[in-house]
Amino acid sequence: MSEVLNRREFLAAGAAAGMAALPGDAKRGAAAQTLQRKFYSNLAIGLLGPFHQSVPETIDLAVKYGFEGVDPNAEYFASLSDDDLKRLLDKMEANNLRFGAAGLPVEFRKDEASFSDSLKKLPATADALKRAGVMRVSTWFAPASNQLTYLQNFRQHAYRMRECALILADRGQRLGFEYVAPRTSRARGKQPFIHCMAEMKELLAAIGTDNVGFRLDSWHWFNAEETKQDILSLRNSDVVTVDLNDAPTGLTLDQYNDGQRELPAATGVIPVKEFLDGLAAIGYDGPIQAEPNNANLRAMPMDQAVAATSAAIEKAFGEI
Amino acid sequence: MSEVLNRREFLAAGAAAGMAALPGDAKRGAAAQTLQRKFYSNLAIGLLGPFHQSVPETIDLAVKYGFEGVDPNAEYFASLSDDDLKRLLDKMEANNLRFGAAGLPVEFRKDEASFSDSLKKLPATADALKRAGVMRVSTWFAPASNQLTYLQNFRQHAYRMRECALILADRGQRLGFEYVAPRTSRARGKQPFIHCMAEMKELLAAIGTDNVGFRLDSWHWFNAEETKQDILSLRNSDVVTVDLNDAPTGLTLDQYNDGQRELPAATGVIPVKEFLDGLAAIGYDGPIQAEPNNANLRAMPMDQAVAATSAAIEKAFGEI
Amino acid sequence: MSEVLNRREFLAAGAAAGMAALPGDAKRGAAAQTLQRKFYSNLAIGLLGPFHQSVPETIDLAVKYGFEGVDPNAEYFASLSDDDLKRLLDKMEANNLRFGAAGLPVEFRKDEASFSDSLKKLPATADALKRAGVMRVSTWFAPASNQLTYLQNFRQHAYRMRECALILADRGQRLGFEYVAPRTSRARGKQPFIHCMAEMKELLAAIGTDNVGFRLDSWHWFNAEETKQDILSLRNSDVVTVDLNDAPTGLTLDQYNDGQRELPAATGVIPVKEFLDGLAAIGYDGPIQAEPNNANLRAMPMDQAVAATSAAIEKAFGEI
Amino acid sequence: MSEVLNRREFLAAGAAAGMAALPGDAKRGAAAQTLQRKFYSNLAIGLLGPFHQSVPETIDLAVKYGFEGVDPNAEYFASLSDDDLKRLLDKMEANNLRFGAAGLPVEFRKDEASFSDSLKKLPATADALKRAGVMRVSTWFAPASNQLTYLQNFRQHAYRMRECALILADRGQRLGFEYVAPRTSRARGKQPFIHCMAEMKELLAAIGTDNVGFRLDSWHWFNAEETKQDILSLRNSDVVTVDLNDAPTGLTLDQYNDGQRELPAATGVIPVKEFLDGLAAIGYDGPIQAEPNNANLRAMPMDQAVAATSAAIEKAFGEI
């Protein structure tokens, strides 16, 4: 093995090597062989259906179905002794698993009292995440409001997200924001708000800290009529986490519904190759998870849903 | 006469009664007697159909059909000698006619070159308007863009409209902006922009001159789901000119089309009384014209269209 | 007594009538005779020196030295039974006294935690003030920062002051902001911030509620090189409370120090007539208090300081 | 010679090799030996004194005194035939010379008419610069205004610089902005404006094109109390051009005057090593020129001034 392999490559190479020895890990090894990508498939079990697995259970699922990462859980980490946490992280490392991004545990969509109360809990949660090595946090913004104008909402988000970002920055953690693009979602409030990449860039600039960026979702990227060129305008440091989804066939941009998506590369409606090529080109090195919001998937037994998701991500990654 | 008539209705009813005794100027006299309202019905002939009348011809129509104002024409004023202009204004005064608002003759929706070229002509046009006593100018903004984000568009409008407003302010003239609210209009561009009163107020503040305000249209007020309370948040000095229209029956807010409206008080879909009561309450003292964008009206002979418009405005004014 | 006297004039006339009967009230009667002004002299005892008087004690001082108002105290009001409060307000009314503006009891100059904690107490304080009829609240902004850029500071103030203003608006109360203009004050931080009327107007627009305005101080107005024309750009509803001070002689705009001012009309450096004429012209009907920050005054016995302040305000009011 | 040398390093190494053969080029060779820097010393002859040399004359001076670049001149380029221009560029290449940044030939500090008139000439100037391979353009902003508030000025600069940046972006050219930091400069207008790196970053974000950045001057960086850490917050792509100057001894931050500076590394007041280390660390690969605004230098014969400047830059570069 060449000495110039860095730790990332070492882990990936290790995974590839492990593939031969562990027949059940076939899919994962296959994915890891694609060394030109730096991003990794992440099992966000809670996004697939009504599946409430613990982190260790999710790790087992990830190993079984060839994922390269699992979603973190700050509460669970906080409940572990140092020894128990070390065992968990050792198991992660032994299986070449990394963590996805944690959700931002702050109520910033309501009044000041709710915001400030929940903000007080952020430092402890951020500490718990950092203790487990989780350095990525993310949330999403509603693309419309019945209370605030665009400018008022922009100022409120700039203020509140700055407060959150400063706490995370103290710990070296990053914060990613997801815009929501479907026209049916945008029609849910009288006043428009951020719904696309260009608008989100302006908010990032207004927040003004170095640790904020995107939770980029192919579903919203597609609904916002964006292209690979838009992704190429970003740098790896601008992308905190990524969702990968496809869209149902037979609908127009006026009809896509946020609660009815498809697994990655399922229909081909969303140009997944263009999306992933863009991310590979900017050297994106974070997690990619499916968030299919799909009724069929939610109705499946858990193992079947996880397997279907793994296959879908593998298919998508295979296109780059 | 019903005892429940309030003073305003009493005056209006008296005016209506007096109409019978004065065959010639009947309608106009009736309207003029309504002393409690300070706004006046304005004949914007170009907004009714393919009718290209000169100012003197429009004055004759206004007198014939009982309007209290006519739309100005800067080019025509500029073509008149001082004596001819004096005769025109004397005729206006003899018939108790005032001018409506002039359109803003500046191309601010395209590139910088178009903007700056057309801006150079504004001082001369403003001078010509002022010479005829026209102190109100107005324009409208597209509620969506395919090029600029909300913030970029906001800055560009703030910059360009400030340039226009400063030129008009030098002459004591005011500049009103119309927001466009129908959802079908808002869907014509990827990026949202100003579409309601609250958003426009923020632009007015950013422009920062004392002479900017609204061109308020009951059609957009209705499509933006605004109420009398919103109008009461304005002062007379905030309203430069007013459009009065009704909406077709049987449609939802998703379906109204800017090119298919109705004459004032035609269908009752738009609560015209609420709208005009609000304007009366804030002491609005400017012009009110119909801009029906109505195929039936456009197909009528001109006199018939003007008569129908006069009757519609009279009916609407009768409700306050 | 003319029948057309309104309640304000009645109170003022009553004060004038009382002057004859109460020799000690001479100054107050004299001031009240100036019927064209609607604003009133307010005794802000805490601004004159190290004088910690209760509200009743301050009322007695105000009566004795001819003031028309006294500063409120929310904590004191909250400590009173309904009966005791009624007696206090009856005494105020019997002496034609009104309240000045209360201070904003919110820590908005530090971190989010301090802000949100103190904001939680605002509703109770606002209730206590409203129970005593106090509808004006005010605070001031530092004109420089070492942490935030102008834009960041603007957004933070817009956010935090909006939170405060919404709570006060629920109770019909208004909130006034004082800009700080001396160059020596502006030099206390690396990053500039709001220091004049034009800049504050932009913040008021960004806050976007109907109940925010100015705490206008002749000292800052003078240091910001503003004129009567600037005051005439305001309306009565834009001014929540007013400070009246003069400046030391022999200094330049580079040298004025916020901690070294003079009583109103003491030196004539600040054109007090221009300032008060402007306020009278816009119909300002709120309190005016001295905030002299003056070492000589602070060293005086309390009664002497109050008498000197009363004389200074009377002299100033006499110039309009 | 190592194979890993890229063309830039090759050129620099070539210059170093040439040093032995050409005694007169000693200084330049010395500077070029510092391979870890990618930026180059640029002879901006017009910034040193009343020296009006043509581009060819400046090239000869640069060669003679060991500079690695010369300032461009769009008018001169436009006057050259293709053949003459090729000869000029061949001579540049033969001497391993590159161009500095051109000035932005747009009047954006006055009214709209001046701006739009001068903007019309930008495409032709940009074309002439591009024909000679000049891809860097820069200008500076006044840190105060007597007409516009910070927000108004910000919007105006965002609008006007965006118009300029779009024209340059069409040609692949970049535009850098210099903030002016001395307190004495900031005191020249009532209203504050951009005077430091953090504020300029916000304007760059508002302009929103990919081709805008800084003209970074150690003089302003020092006066703004900025550090190496601030430079490390930038990337190479954020810096378009750099000025290197020192400050007089014995003055405070209140006293530095923009018209009285010193040659680089002359006094040691400005920590030149910290400044250049920062630029080297971010991989800055553009020109660095002295802009000493120094009376002694202006009084020297031209060759002496150029030699002194070369020695000063060499001394400064020697510290990294």
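Chains: A, B, C and D, in written order; residue numbering restarts at 1 for each.
Quick note on the criterion: a residue touches a chain if its C-beta (ideal position, glycine included) is under 8 Å from a C-beta of that chain, and two chains touch if they have at least 3 such contacts.
None of these values were measured; they are calculated from a predicted model.
K.L.:
So using the touch definition from the top, which pair is joined by more C-beta contacts, B-C or B-D?
P.N.:
Between B-C and B-D, the larger count of C-beta pairs in contact belongs to B-D.
K.L.:
Between subunit B and subunit D, what distance separates the C-alpha centroids? Give it in angstrom.
P.N.:
53
K.L.:
Quick one: subunit A and subunit D, Cα centre-to-centre, how many Å?
P.N.:
Computed value for the inter-centroid distance: 42 Å.
K.L.:
List the centre-to-centre spacing of subunit B and subunit C in whole Å, with centres computed as mean CA coordinates.
P.N.:
About 42 Å, centre to centre.
K.L.:
If I count partner chains per residue in subunit A, which residues reach a count of at least 2?
P.N.:
Residue numbers touching two or more other chains: 149, 151, 198, 202, 206, 208.
K.L.:
Viewed as a graph of touching chains, is the assembly arranged as a line, ring, star, complete set, or other?
P.N.:
complete
K.L.:
Along subunit C, where are the residues that touch subunit B in the complex?
P.N.:
198, 201-202, 205-206, 208, 210, 233
K.L.:
Would you mind writing out the residues of subunit C in touch with subunit D in their complex?
P.N.:
So the residues of subunit C touching subunit D come out as 149-151, 154, 183, 186-187, 190-192, 195-196, 198-199, 202, 224-225, 254.
K.L.:
In the complex of these two chains, what residues of subunit D are touching subunit B?
P.N.:
Touching subunit B from subunit D are residues 112-113, 115-117, 119-120, 149, 151-152, 155-156, 158-160, 162-163, 206, 208.
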